[in-house]
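Just below sit the structures, each encoded as structure tokens.
Shared between the two complexes below is chain A, which has chain B as its partner in the first and chain C in the second.
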Partner chain A sequence: MATTQDVGADRRAGPPAPAAPRARRSRFDALLLIPALLLILGVVGYPFVVSVIDSFVKVEGRQHAYAWITANPVYLRIIGRTFLTSVVAVVLCVLLAYPYAYVMVLAGRRIRLVLTVAVLVPFWVSGLVRTFAWVILLQSGGPVDRLLPFLGRDGLLHTQTAVLVGLVQVLLPFMILPLYNSMQSIDRRLLQAAESLGARQTVAFFRVVVPLSAPGAGAGALLVFVTSLGIYVLAQILGSPATSMIGSVVYTQTSQLNNTGRAAALSLSMLAGAVVLIGAAYLLFRLVPGARRAG
Partner chain B sequence: MRRIRWAVAIVGSSAVLVSACGGGTSPASGDGGSSSSSQSSSGATAAGGATVASSSTPGSGGAPAAGVLAAGQATAGSFSGRQFSYSGNGGTTQDAQNKIFGDFATVVGASYAPDGPPTAAKVKAQVDSGNVTWDIVDAPEVDLAEGCGTVYQKIDYSKLDTSKLSPLVPKQDCGIALNASPWTFAYDTEAFPQAPTSWADFFDLAKFPGKRAIYAGFPMQQIEIALLGSGVDPGKLAPPDVDAGYAELDKLKSDLVFYSAGSESQQMMASNQIVACICWSGRVYTEIQNGSHWALVPTAPPVLRMDYLAIPIGSKNTDVAYAAINYFIGAQQQAYWQEATGYPPMNVDAKPKLSAAAKAVDVFQPPFKPVTIDVTFWAGDLAAQMDKWTTWTSS
Partner chain C sequence: MKGRVTGEVTGTVTGTVPAAQTGGVTATAKAKGTGTVARHPFAVVAAVVVALLLVVPTLVVVPISFTGKASFVFPPDSWSLRWYGNLFSDSRWTSALRRSLWIALLSSVLATTVGTAASVGLTRWRRRRWAAAARALLLVPVFVPAIVLAIGIYTVFGSLGLLGTVTGFVLAHASLGVPFVVISVTAVLQSFDVQLERAAESLGAGRWAVFRQITLPLILPGVLAGALFAFVASFDEILVSLFIKSPFLETFPIRVYQSVDNDTDPTVAAASTLVLVVTTLVILVAVRISTLRTRRLGT
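What follows is the complex of A and B.
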């Protein structure tokens, strides 16, 4: 994707360096990758291969792992629910993050600092503490229930809504920060140009800012989506078994039942689903006219 | 583009940090980590134990085999320079365990290393790899029965004085009773005009309306409780008729909430989210201590969830482990255990000084009549029963 930023970067790079030093440098660059590669091979690659093998080979309870999954529809339901919950969380994060990040870009230095700190503060508080804070806020008779009694007879706690509220609160910074960064580098004269050519402000926002910041939104969406797939303690505490995510099943299978083959099969099913979904989202993204113009 | 990459890198690494920090926050396993606050009193000195802490009254019950110390005793300096480790579930229960094992280590001159948690998968991984770092572990009843002889050593009872172990706790081949966590009928004393008297009342929404909480983690104990509620005789729970249990639980579906950690059940009791629950007595104990209007139904039999002290196969300090376990089950040590945790003592001679709250949850005393589950049944079919439980709870 050759975005406007890339064009600017090329211009800043100046005349190309002589060929010989560049070749030497790139060999040095490759060497720099070795520690990270070794780490990834050791702590991601090896366990991944073992998991793949386990998921196909291990027989637990006289059953192959994938046969077990198909024999218990509840696990496919939980996998589906996990994906759905994560997709909704991404959508909510995008809707909330766009205006927030836009205000961050437009605001003066001091307000921007306040807004940035407001985004980062949650990172400094333990996730479990924040989750329990939501329990107090959302439970029946709690502040939210008293302010908005029409939301439900027994408060929002233990519902899918409560899970989504918690997820969005935890994951919003992952969406705002990349979005802010990509919006910040948009040349604001483009907006002036759009308006001088007759576009209303809203039109200018949707046809200039949104397409140009789409890569940031994409990065944020990916972070939010993938992180959300793995979160499950939050879903247990704010939700109920009826809103549980696949992570808790994987936890039960490994820690409680020691069925590593089944845990591996569940994880790999999730991974396959995630790859397909992200691939589909990427293709869809390329079909959006604005995004193509930006790319 | 470079800015974006920076942002991604920063956010990514903070994500790793956040998830690393959150990694340990798995829900407490069914029995571990009672948060009941310590009750001090004579605890420190009781468990402190002199070199020779007498425990068994002469002439009562069977004496230990020749050459074996009475439970609760240890010989000064007998393991000088040695070491041993214990893996428990944390919380105030492990605080109390660490105190007792630490005292033992001081007496015999060994060094003691506490650790945890001893999830079944971790213990098995240690045994399978031949690299066993734990000498004693807290093993839940079903895990112990499942791994007896393959993960956990068969106990040589001739090396221990088990003559004073409570007859209420079932013996297992591979472990010595560590804790009985009673799953009790707890209720809000202000919720009903008439106090409930049996498990049948727990399942009677017409007579005792309101939300109930049960544990989300697994079906054991709770299926038995459902059966008791449907009128099954406490002596006829082995093996449990699981489907009949689910049928009874189905009656509550409309008014059921689940807790996935003990702390959650406490929060529900304290903030009037529920009117009754299947709760662990240690949690109810803390609520009563904190002044909540909660009580147990003494005539509804508590169902015990047992934990055992077990020695993994391949432990390098088996001899120290036996001596430590023998010390652990002494009368004074067990009195301290109950004073510190609110959970019942395993030694019949234990004479703890109990507060009113501790007496209210002292389920080994009448009128409580605790019952136990059919461990062989659950151990033999655990994975399939968990599938069933997950299907039922998440529908």
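What follows is the complex of A and C.
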């Protein structure tokens, strides 16, 4: 970027442009960011700071919010369940996304277009609509119940399995798209090299494709994980009180009990846990020698 | 590494995939005969299963929307159009639909305006570190769980009297839409030739004239795609909307959610089918726009 501009400046005929207007232009360019930054800071940044403060300062039911969380193990359990569900969803998404993205990369033009549309349309079609479709499919006496009656006595709706199935189906595009993007940029000659040196296809896949596409998988995992942690509507529709995730508690505390301090404390504890977990995953990833070389 | 991860995310959230897929075909691999699909039967089977899993389950809402009975029994044993009649005559549905379209339009315009200006600023700003920080800040809504944002927005909007107002919805939805606009506009700006602007300037055009007549027409596909994505993001938004709604102002997704949660009224299937069809059309248009772009600039 900088080099092309410099070359252009040199090539330009006539006296070189004075330095002052350039500096002014750069400052003007920075000003263009102000409206967007104001919007994000006002609607996302400032409210976030307010909820952090609320979570520490507000006293609801004669208790500070974090004291309330620690005094009620049920909420810690719900946080734990939320994390566990999200991690399982990430793992399932990775397992399903890898073959799909790989075939997308290898396929000819037409098949690739079909596969692209098959992932882009669900990516943008309302998650709510897709969740509702699972209600029809999983309800007691519904198609899944009739085809596979051994799965549950009363249909799978309102079970942990239903929540997971819905989560994975709704979030899978978030995993496939970044994975495909990073796989696509792998130099195909590396695979040829591996195979010509005697590696079998499977070996070549796991030793070449998997490490080199790890950044894409990491990005997808991050998106799936973060989205899954904050899910509310899907868990509400497909789950039951016994499978409730943090979103349900936060929603009840906020809009029914108006305990915004508690809601903020719960969601921030979850966010802190997520940051720790993502950081740990990142460090672990860096410690794997092959992955580090690839990244 | 971290930069790469965010790059992977941001590159794919909008229409970059179809753009890439029209450009580079697998020429080398085909010539050498290595790495074709046929050699990976397991992967192919898995991919077909995943493709079916992605597409087929959702389609079940279509037959249910034409059912003759007031139930979600699948497959329906009688057929009717009355749920569509319901959808377009029941004022709870029609007013929610009208309001959602209006909010999506306004927030898409707002997000596109500020997002496009910001993208131009981001690519031009000489202090790259600051620009990178500003970009990260603008993308925050994608990386923070929506439930975390929703509580803060609820508290602050409550104290400002914005709960249950169109202004409140537009502000919230627009800020969630900004990342999509920034991603798709900065993507086109990266392949934009700055020399064109210099040429126009040297011929005496002012800043605004350069933007109107040179920059904007060339980045328009990215801007339009961003606007469509922001529109869909708002039209679909449910979580933050649930926190800032009021009994007097509900959006279409909220109506859908309440209907799914409370009753077995197939009107919600008709509504879902409508959403399915409209979103698919909008996305196909957006994909088409972004492939047009690569065809014109790339080859």
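Please note the rule applied: the second predicted complex is superposed on the first by the 253 of 295 C-alpha atoms of A that agree within 3 Å, B and C clash if a C-alpha of one lies under 4 Å from a C-alpha of the other, contacts with A are read in each partner's own complex, and residues count from 1 in each chain.
In this section, a contact is a pair of C-beta atoms (placed from the backbone, for glycine too) under 8 Å apart; a residue touches a chain by one contact, two chains touch by 3 or more.
Predicted model only: the values in this text are computed from it and were never measured.
Student: Record, for the superposition on chain A, whether partners chain B and chain C clash or fit.
Tutor: On the superposed model, which is not a single observed complex, chain B and chain C clash.
Student: According to the contact criterion defined above, which of chain B and chain C contacts more residues of chain A?
Tutor: With both complexes superposed on chain A, more residues of chain A are touched by C.
Student: Check the residue A:H158 against both partner chains and state whether it touches chain B (first), chain C (second), both, or neither.
Tutor: First partner only, chain B.
Student: Looking at A:G216 after the superposition, I want to know if it touches chain B, chain C, both of them or none. Which is it: first, second, both, neither?
Tutor: In the superposition, A:G216 contacts both chain B and chain C.
Student: Tell me the contact category for A:V233 with respect to chain B and chain C: first, second, both or neither.
Tutor: both
Student: If we overlay the two complexes on their shared chain A, which of chain B and chain C does A:Q192 touch? Say first, second, both or neither.
Tutor: So A:Q192 only meets chain C here.
Student: Contact-wise, after the overlay, does A:A242 reach chain B, chain C, both or neither (first, second, both, neither)?
Tutor: In the superposition, A:A242 contacts chain B only.
Student: Touch test for A:T254: chain B only (first), chain C only (second), both, or neither?
Tutor: After superposing on A, A:T254 lies in contact with both chain B and chain C.
Student: Between chain B (first) and chain C (second), which, if any, makes contact with A:E60: first, second, both or neither?
Tutor: In the superposition, A:E60 touches chain B alone.
Student: Quick check on the superposed pair: does A:N72 touch chain B, chain C, both, or neither? Answer first, second, both or neither.
Tutor: First partner only.
Student: Pick out the stretch of chain B that clashes with chain C after the overlay, from 39-47, 75-83, 111-119 or 165-173.
Tutor: Superposition on chain A puts chain C right on top of 111-119.
Student: Report, in rising order, the residues of chain A that make contact with chain B in one complex and with chain C in the other.
Tutor: Correct list for chain A: 5, 126-128, 132, 135-136, 139, 141, 173, 177-178, 180-182, 184, 215-216, 219, 223, 227, 230, 233, 236-237, 251, 254-255, 260.
Student: Okay, in this complex, where on chain C does chain A touch?
Tutor: Residues 1-2, 4-9, 11-13, 16-18, 20-21, 24-26, 28-29, 32, 34-37, 39-40, 42-44, 46-47, 50-51, 53-55, 57-61, 64, 72-74, 110, 113-115, 117-118, 120-122, 124-127, 130, 134, 137-138, 140-157, 171-172, 174-175, 178, 182, 194-195, 198, 202, 207, 229, 232, 236, 238-239, 242-243, 253, 256-257, 260-261, 268-269, 272, 275-276, 279-280, 282-284, 287.
Student: Taking the complex as given, what residues does chain A use to touch chain B?
Tutor: Against chain B, chain A makes touches at 3, 5-6, 9, 60-61, 72, 74-75, 77-78, 123, 126-128, 132, 135-136, 139-141, 154, 157-158, 173-174, 177-178, 180-182, 184-185, 215-216, 219, 223, 227, 230, 233, 236-237, 240-242, 244, 249, 251-252, 254-260.
Student: Hey, which residues of chain A end up touching chain C in the complex?
Tutor: Spelled out, the residues of chain A in touch with chain C are 4-5, 8, 12, 25-26, 28-33, 35-37, 39-51, 54, 96-97, 99-100, 102-109, 111-122, 124-137, 139, 141-143, 169, 172-173, 177-178, 180-182, 184, 188-189, 191-192, 195, 201, 215-216, 218-220, 222-223, 226-227, 229-233, 236-237, 246-247, 250-251, 254-255, 260, 263-264, 267-268, 270-271, 274, 282, 286, 295.
Student: Please name which positions on chain B make contact with chain A in the complex.
Tutor: 1-4, 6-8, 10-12, 14-15, 17-19, 21-22, 25-27, 29, 119-122, 124, 211, 216, 218, 257-258, 260-261, 264, 267, 271-273, 382-384, 386-387, 390-391, 393-395
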